[in-house]
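Two complexes, one shared chain (chain A), two partners (chain B, chain C).
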Partner chain A sequence: MSVLFDSRFLSSALLIFSVLFPFLTDNQYFLHVLSLAFIWAIAVYGLNLIGGYTGQLSLAHAGFFGVGAYSAGLLMVKGGMNFWPALAAAVLITTVLGFFVGLIALRTKEHFFAIYTLCVGYIIYLIIYKWEGLTEGVRGLIGIPSPAPIGPITFDTPQSQYYLLLFFLVFVIFIMKRIVHSLIGRTYMAIRNSEELAETIGINAMKHKMISFVLSTSFAGLAGALYASFVRFIGPDIAYVNIIFDMLTYLIVGGIGTLSGPLIGTIFIVSVSQSLQFLEELRMLIFGPLLIALIIFYPRGIAGGIQSLLHKRKKTLQIRKGLRQSAAVEEGK
Partner chain B sequence: MLRTIGLTKKFGGLTAVDNVDFTIEKGMITAIIGPNGAGKSTFFNLISGLHPPSGGKIFFNNRDITSLKPYQTARLGIARTFQTTHLFEQATVLENVMIGHRLRTKSGIWDAVFKTKRLKREEKAAREKAYEALEFTGLVGTADRLVSDLSQEEKKRTAIALALATEPQIIFLDEPAAGINPEETEKLGQLMKQMVSKGITVCLIEHKMQLVMSLADRIMVLNHGKKIAEGTPDEIKNDDAVIRAYLGGGKSA
Partner chain C sequence: MDTFIQQIFNGLTVGSVYSLFALGLTLVYGILHIPNFAHGALYMVGGYITLMMMTHAGLHYVLAIFISVIVVGLLAVLMERVVFYPLRNTPPLQDKIAAIGIMLFLEALIQFIWGAEYRSMPTPFGRVVEFLGITVTTQRILIIAAAVIIMLLLYLFLKKTMTGAAIIAMSQNREGAFLSGINANKTAMLTFFISGALAAVASSISAPINLVFPGMGHLVILKAFVIIIIGGMGSIPGAIIGGYILGFSESLGAAFISNDYKDLIAFILLIMILTLRPKGLFAREVQ
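Here is the complex of A and B:
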């Protein structure tokens, strides 16, 4: 039982499964849905870094996702750039924008920060929507090319694109894991826990919040750029507030402030919502209560719920062991 | 070691700390007492830099620290605890205390991504420092337990261990004995004496008079933000102004 939940075992099993997945199914539709889920998961990891681990709930991340997508799309369609430099430039543009937004936004705290970033996200959406000369406005940007080949490796089949997205997702998870399990991650969590306490033990909260925020926006930008090239059509809707609440749902269902939460939540919700497609708008009748129940009973999502169950189990095992030992001592007398 | 001159803090029309001149001597235990709302915690907040003062100056080792931020005063060697502990409940005691050494480390985000030698070295140092602080506060046995599983008293000691992990020269404790039983209070007193013998100056806010009178070398009494008395425990016990502040009347009453 405990072996099953060992994180190293679990993550390698998951990795092997996701590598083999294209061979297990001929269904192109599944592959497409899962690829899309990978893209969202990357953005949700960004949201998790600043919102889950650093405690600053940013609602601007759909906006940054849009900035990444439009930067990459425009550079390729209108700038005639190759996919790879466009991808790098898109991430850079989003990061620089994230830096300037962060400079002002991070001076606000808690719900003020959430409201401020919500406004930033909406303004980004409006700019994309209204700046027709650049973004084509509501018509959207069409004909974005697929990822360009690297030498002999091409990305024109769904399978190869799936692997490309899997690669970026694993890369992002790897970076997140390194950060979270280090002194740096603990610093972020100390700030989330109590900014006041963190400051009095010598942590420059503003500096660390800034770094975390900027890195999280670059994840959102990366996800956006990959989305543009994967779906090959983008409209202003991808930066709309609906998207940030979708991301937030993925994060909360999966487990905010947990390493596996964004992945679990995104894949879970995306697949459930796809299988409930036949209900159309009525599927919200299932989603709503599900979300409420989850928040009441498992405020730390699926991943957080599993964690605390395991902890409880460990504790009862320890108590039982202790009781058995003391009973043995009694018998010995 | 630490000196305030005319320290004042106004919140709108309310003067929470009013023109306080105060000196803390190195190697002593200094207590600040006073009725609720006397401005004791605000006084701590001013020294640690959480609030900027409205007037006056603060000197630490003859250096003007009046306008420094909390993380800067912490780096100079000023540590503090809060009335409520604010610990990370879902993490272990060790993980909570480790972060106390963060201010003596330099690793950044790239060190984490590339798992550099510097990060490994600094994480090891943080772990060692945390164990040292846990040993000092008698918490080594609970190092791997989650903070949420601890008793109130153990949480308070964890918060003290966290403050000690920052390697302070002076530590400010805000009501460390609140909500703690008499036996544990006595142990806490011993812990403070150990800190002093280790070279850490202690300053505490406390309502438990027995503890204060048996422990403190010097006492300052605040009332309505003003310093109304200062001296040894014996002097304070017999001070008219103090008795008036606490009992609301003169000696004859």
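Here is the complex of A and C:
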């Protein structure tokens, strides 16, 4: 029974399932929804790295998502670039922008950081919205080409795009896993728990916050660029503050500061919202109170809840085992 | 020259609204250290209740504002009791997320009840008057007068009454305030009531020159954060001065730089300030 909850077993089972998923269903719509969820999950992993592990709640990530999407879209539509160099350039542009924003934003702390980044996100939205000469403003950017083929592999069917997105998601999760289980990850958590304490044991908090922030913005940029090419139409709305609140909901529901949280939360909420589509804008009538209830009662979301449940179970099992052993010893005497 | 005076007057109008709104935000931050992202939603609810009292219940504008003030004040108290009180001992990240949750909920609720369309609010103060060579509507004069009177009353309340002094004391030093027997719950609830009431007044007096819609609080709350950072988080005079600074720079910027990008001015101001002073312009010493 306990092998079922082993994380390695669980993640390989999940991976096999997601690889086989297109063969299990003929429903193109499910495939589309799941592909979209993968894109959002990449962005939410970025948010989790800086918000969940490093403890700095960045509300600018919808803006960086928009920057990634618009850089890729503009380079392809107006610059006539191929998808792959455009994707690389979009990630690079977002990362460089993230570096400069981080340089200033990370000097501020806690509430100031959240407010500052919220404003940065809003500025990015306003610029995209108002700069009609470049971004086409409220009309949006249309006719973005889908990913270009690499040699014989083409990406023009929903199935192939699904695999492309799955590849990027697995890549991002792999990087996250390596970070979290390394000394760098521990350093981030130390900064999250107490910046002063981390500094007294010789951690350069600013440097590590910077790396974490820049990396998280490049995830957002990657997600944005993939989104542009997958949906093939982008408007300024993708950089609006509502998007960051959506991402935050995915993160909190799944479990902030956990490795599997962003994936669980995003897939759960995206598929629930698809089935509640008749509610559209009103889905927040449900998700708003859900967000509040979770933060009061389960601050670590679904993944955190399961984790602590398993932890408790393991502990009681250990205690029982211990009791049995000591009883056996007693009998032996 | 006429444009200049006209813009100064506009700045005074806009700044009055900003100041009133930012005052509530700064009061709550001062005593509970919560950046209340839901404050913009209170502003929005206030606008809707005034509008609906006028159009559906047929009440007079002033009476409608009065009801809106009470309702939104109580809503703010409810918010404190149900959400922020249980979260009082948790990491600061959680307050912020909970506040965002409230905001999303209130916006969806208003949209559910009254729809997403933009509405305009009728006002009995629509008359145009000549004044110092500029033409203004009486509504704009009302905004300035109401804001100044309310700020004076608030000042007197905080400085001259025991309850007001309790709020000030709690924002200066929490532990010290508890030691001298101040009831933390009562003070917190009262502060939330005042902040909700101020948000309702701000939106009700400014709605006739703007529009009423579910997202009307977004830009205002961001600007209010800019204001209280300029003025120092938790500082009351800072919020008032910051509100007028922003009002003037926006209306002058709109006239002499670019009307399209006038909403950017606030954020550029913020970026400049936080770049030079990461803790805000008039930051108080950390205790």
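Some observations on this one:
Everything below uses one rule, namely that the second predicted complex is superposed on the first by the 316 of 333 C-alpha atoms of A that agree within 3 Å, B and C clash if a C-alpha of one lies under 4 Å from a C-alpha of the other, contacts with A are read in each partner's own complex, and residues count from 1 in each chain.
Keep this in mind: a residue touches a chain if its C-beta (ideal position, glycine included) is under 8 Å from a C-beta of that chain, and two chains touch if they have at least 3 such contacts.
Keep in mind that this is a model prediction, so the values were computed, not measured.
Look at A:Thr108: by the touch rule set out above, it reaches chain C but stays clear of chain B.
With both structures placed on the common chain, the touch criterion links A:Arg139 to neither chain B nor chain C. Residue contacts after overlaying the shared chain place A:Leu215 against chain B, while chain C stays out of touching range. Judged by the touch definition given at the top, the superposed model places A:Asn204 against chain B, while chain C stays out of reach.
In the superposed model, A:Ile179 lies in contact with chain B only, and not with chain C.
Touch criterion met: A:Ala190 reaches chain B, while chain C stays clear of it. In the superposed three-chain model, the partner touching more residues of chain A is C, compared with the other of chain B and chain C.
With both structures placed on the common chain, the touch criterion links A:Phe245 to chain C but leaves chain B unconnected. For chain A in complex with chain B, the touching residues are 175, 178-179, 182-187, 189-190, 193-194, 196-205, 211, 215, 311, 315. Within the complex, the chain A residues that touch chain C are 51, 55, 57, 104, 107-112, 114-116, 118-120, 122-123, 126-127, 130, 241, 245, 248-249, 252, 256, 281-285, 287-292, 295-296, 299. Only residues 48-50, 69-71, 74-75, 79-80, 82, 86-88, 91, 95, 98-100, 102-105, 107-109, 111-115, 119, 122-123, 126, 146, 149, 162-163, 165-166 of chain B touch chain A when the two sit together in their complex.
The touching residues of chain C, counted against chain A in their complex, run 29, 33, 35, 83, 86-87, 90, 92-94, 96-98, 100-109, 111-112, 116, 218, 222, 225-226, 229, 233, 260-261, 263-264, 267-268, 270-271, 274-275, 278-280.
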